[in-house]
C-alpha cells in the first residue's frame, strides 16, 4: 500500500469505496463496520480513519478523497442548514435529506443514537441545583470542556447563549469527550463537559446529564453519508442492513470495549458483525 | 486569492484582538511560553554543555540528548498529557526537551572548539579549571552559544503551535481551533503572526548580537575571519 | 502487552506508511538544497540570504502549511503529496544552512590544489568539493532525517496517517501504552534511518573512517 | 641558457585587490633542466611569482614566457595539467588514495584509470615510497610520506616544468634532509625545469643551481649561484639574510 | 652549579596511557641563571620533559627538584603561576588585548589590574615592542610580535624560572634571528634559569649555555656545551644530528 498513490488509484478504481472516519473512537468503529460488511459482500472498501472534525471530512468527501463517512443526523442537519426547526428524529431525517448538497446522499438512519450531551458532576449538580441547561444561566465564569469546533456550533457556545442565555468559556480538548475531558471535569478545571451519550464514562463517573427542554441538541441517529458517485444498490442494501441492526446499547458496549478494554476498532467491529451474523 | 483578503480582514478586525481568546492575549501568551521554555532550556543546557565541553567528561550525554530529537513532538505531547493532565507542564517539558539539543550542541561545540593549545597554555601559566572556563572558553564560545539560542528560540516559537493540540493558549489555539472548523482566514492569519513573531525575534537577537559585536573589537575580529 | 500482539499488523502497516512518507522528503530536500547552497555560496548576497530564507521557511507552522498546500497545489486534502511537499520544504530549510556551512568549511588549500592541478568546474565539484563536504553534508542529512520522521506524525492531525495515528487514538482513549508504542516505533525508524545513513557515509567516504596511527617521521 | 627556453618572468608586477604589492617589477629566468630557488622572507612574493607560471595568478603588468611562449595565450586548465606543482604540506586530495592522488592529472588528461595507476605505482617507487602504502589515504601518511606523494603526483603527467612551493617546510629537519637529498638525486635523473620556493636560505643554496633572493615588498634583491651570493652579496640586506640562516658559522 | 639550585630532573620517565614512551630515564640539570637548551627531533620527549617542571606532566618515576625541593609537594596552580612559560606560537588568550595578556598572571596572583597594566607596559618596552600595540588583540599581531608578547607575559610575574617550548619555531628566519638575539640580550640583564626547547640544533647551540640532546624514544644522547658536542660527539647519532642542521658547511 503505497501512500503516495493511494488516493489516485481509488479515484480510477470505481469498484473500491473509501470510507473515512471522524477523529473519535466510535466513528472509527462504525467506519470499520461498514468496511468489513462491504468486504464480506465482495465490495472492496478502503479505510481512512481519524481524518478530523466534521468540516475536514466533509471537505474530503467533497473533493473525492473519501466516498462515505459515518454521520449523525442532527448535527449533520445543522451543519447544512443552521436555521432548521426540526426536532423529532423523523423530521430531522427528512429535513436532512432536503438540506444535503446535490452530490451527497444519506442511507437509512439507525435506531442507534449518540448525541452530544452536557454533563456536570453529581456534587456540582447538587451544590448549585443544576439539572437542566437553563439552570446554568445564573452561573458566572462557567467553563466547558469540548472539542474546538464546539465554539461555533448551534449546540455549542453560540446555541447556549442564544437559546438558554448561558455564558460559557470553551476549554478546547481534542479527545472527543475522552479521558482528559473527564479528568478536567472531575478536578474542577471545568464545570461542564460535552460528552457523547454513548460514552461509558458518564455512568462510570456518576455524571449528571443536563436536560435540554428547548431541544437545542437535536436527535443524533447514526447515518452513513455517501457521495452519490459511489452509491450503488449493493452498497445501499448492505449498509442499510447494518443500520437496521445497530442499537444505542450496541454503541455503548462498543465504546466500552474501545475505551476500557483498549480493543482495536476493527476487532470491535468484527465482533459486532459476527454477533448479528452479518459476516 | 479570496482567503488572503479574508485573512487581512480577520487580522484587521479589532474585535478579534480583544478578550480572553483574542489575538493580543494569545500573542502575549505565546511569547510567555516561548521565553519560559528558552529560559529553562538555557539553565539546563548551558551549564551541562560547559561541564562536558570543558572537562571532556560524560561525553555520552551528547548523543543521548541528540537522540531526543528522534522522539516525535506530537507523541510526546500526547503521552505526557496523559501523565501530567491538563495544564502547561506537559507541553512545557516537551518543548524544553526539543530546545535542549540545539543549545547544548552549540554551546558544547563552541567550548570544545576553543583551541587545545590555548586552554593548555592557560593551564600551564596557572589558571584553575574554572578560570579557564570563565575567562577563555565562555567568551570565545559566546557567539556560538548565541547562535544556538537564536535557532532554538525560533524553533520554540514555531513548535509551540503544535502544543495547542492540548488545551493550552498561545497562537497555536487559532490553528488547531481553526482546523476543526476549517476557518482558513483564522489559520492563515495566525500563521502570519507566528512567522512574523519568529522573524521579529530573530532580527531582534541579530541586533543584540551585532550590538555586542560592535562594542567589542574582539568579536569583530573573530566574525571577520 | 496483549494490545501489542493483537495490533501488530496495524503497527507494521503504519510503520511502513511512515517510512514511505519520510523517504521522499529526505531525498528530495537534500537533492534540492545541496546544489542550491553550493550555487548560493558563490556570491555574498545569495549566501547571506540562505540563512534568512531557511529561517523563514522553518518558522512556518506545519499545520496551516499542510492545510493550504491542497489549495496551492490543487491536490485533494487527504493526498499524501501535501505532506510530502510540506516536509520537503522543512528539509530544504534545514539542509540549506548546513550544506552552505559544509561547502564553506572545505579546506581552501585543497581547493587551491585542485585548481592548480587543472580541475574543471564540474569535475572539481564532483570529485573534490562534494566528497570533502561529504561528512558535514551527511551530518545535515541525518538531522533532516530525524526531524522529518518526527514531523510526519503531524500529518495525522489532518488525516494523513502514519504512526502518528496511535498518538491521537491513544490520547482519546487514555491509553498511554498505545502512544508509547507509537513513539518507540517512530524513534526506531529514526534510528534505523540514521544507521543506514551512517553506513552509507562509511561506505562512500572511507577516508574519514580509516585512521591508522600516523607514523611519526623519525627516520 | 638560450633565450626563450625554460621560464622567463619579464618585468612582472602584481598588486592584489586590497592594495598589497606582492611582486614589484621582477625579471628573472629559470633555465631549462635546472633548478631555480626562489628565496625570501614571509610575504616577499615568492608564491605569487611562482603561481604566475601556471596562471593561478595573473600579473598586473609584465609577461611570463614558457619555452619562449607568453603563457597568457594558453588555456589555463590545459596549462596547469601540463605543469607539475608541489604544494606546501602536499596539498593532496584527502578523499583519494595515494595511488589515485598520483594518477589525478593523467586521468584528467584522459588516460585510462587503470593505465594511470600502473604508472603511479612506478612513480611511488621512484620517489622512494613502499608500494604497500598505495591504498592509504593522505591522513594515514606521515608528513614526509605526504611530501613524497606530492612530488610523485607532480611528476605523473611527465611535465617539463616542476613548481615546488616550500614543499619541505612542514617536516622535521632529519626528514627534510632526506627529502632534499632525494630531490637532488631525482633531478639528476629526470632533469626537469624546477622552480623551488623556500624561505630557508640554506635549502636554497643546497638545491638551487641558481638562487633568486626576494626583498620584502616583492622586489628582486639578487640572482646568482650560491657561491656568487655568499662571496659577493649585492648589498647589506643580502648579506644579513644569508647570515641569519647561519648561526653555526658564528659559533665556529 | 651547586647541587640543589636550578632545576634537576632525577631519573625521570614518562609513559603515556596509550603506551607511548615519551621520556626514558633522563637525568639532567638546568643550572641557576643559565640557559639549558633541550634539543631533539619531533617526538623525542622535549615537551614532556619541560612540562614536568611545572607539573603539567607527572613523571611515572623519578623526581624533579626545583631549587632543591621536590615539586610533587607543591600546589600545581601556585607552582605554575610562579614559573614563566612561553609556548610555541605564543599561546596567548585570543580574547584579551596585548596588555591584559601580559598582566594575566599578576592579576591571577592578586595584583590590582591597574598596577599590573602599568608593569605590563614596561615589559612591552623591555621585549622590544612599541607601546602603540598595547590594545591590539593577538590575532592583530605578526608572529614575531606574538612571540615577544609571550615572553613578556612569562616575565610579568617576575619568575625565577622561564620555560620556553619552541618559542620561535613559527616565525621566519630573519625575525627568528632577531628574537634570538634579543633573548640573549635580555638574559644577560635578567639572568633567569631558562629551559629552552627547540628542534633546531643551531638554535640550541646559539642560545644554550648547555645543550641536552634527546634521542627518539626519549633517552638522553648527550649533555654538554656546544663546543663539547661539536668536537666530541658521544656517538654517531649525535654526530649526524649535528650535521643535518648544517647544509652550509657542506657548501663551504
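Letters A, B, C, D and E mark the chains in the order given here, with residues in each chain numbered from 1 onward.
Convention: a residue touches a chain if its C-beta (ideal position, glycine included) is under 8 Å from a C-beta of that chain, and two chains touch if they have at least 3 such contacts.
Since the model is a prediction, treat every value here as computed from it, not as a measurement.
S.K.: Highest contact-pair count belongs to which two chains?
M.R.: After tallying contacts for each pair, the winner is B-C.
S.K.: Select the chain at the greatest separation from chain D, using centres from the mean of Cα atoms.
M.R.: Centre of mass proxy via C-alpha means gives A as farthest from chain D.
S.K.: Between chain B and chain D, what is the separation of their C-alpha centroids in Å?
M.R.: 52
S.K.: Please tell me the distance, in whole Å, between the geometric centres of chain A and chain B computed from their C-alpha atoms.
M.R.: 39
S.K.: Report the inter-chain centroid distance for chain C and chain D in whole angstrom, where each centroid is the mean of the CA atoms.
M.R.: 45
S.K.: Could you work out how far the Cα centre of chain B sits from that of chain E, in whole Å?
M.R.: That gives a centre separation of 47 Å.
S.K.: Would you give the residues of chain C that are in contact with at least 2 other chains, written as numbers and ranges?
M.R.: Chain C, residues with two or more chain partners: 156-158, 168, 171, 174, 216-218.
S.K.: Going by the contact rule already set, what residues in chain A reach two or more other chains?
M.R.: If we look for residues of chain A contacting two or more partner chains, we find 52, 56, 59, 174, 179-180.
S.K.: Residue numbers in chain E touching 2 or more other chains?
M.R.: Within chain E, residues 41-42 contact more than one other chain.
S.K.: Given the complex with chain D, which residues does chain E contribute to the contact?
M.R.: The contact residues of chain E facing chain D are 41-42, 172-177, 180, 199-203, 205-206, 226, 230, 241, 244-251.
S.K.: Which residues, counting only chain C, touch chain D once they are in their complex?
M.R.: Where chain C meets chain D, its residues are 107, 109-110, 112-120, 123, 127-128, 131-132, 134, 205-207, 210-212, 214-219.
S.K.: What residues on chain E touch chain B, complex-wise?
M.R.: Against chain B, chain E makes touches at 51, 54, 56, 77-82, 85, 87-89, 91-95, 104-105, 108, 137, 139-140, 153-154.
S.K.: Can you check the complex and tell me which residues of chain A touch chain B?
M.R.: 52-53, 55-56, 59, 145, 147-149, 151-152, 169, 171-174, 179-180, 183-184, 187, 189
S.K.: Across the complex, what residues on chain C touch chain B?
M.R.: Within the complex, chain C contacts chain B at residues 55-56, 58-65, 67-68, 71, 143, 146-147, 149-154, 156-158, 163-164, 166-168, 170-171, 174, 176, 179-180, 182-183, 186-187, 190-191, 194.
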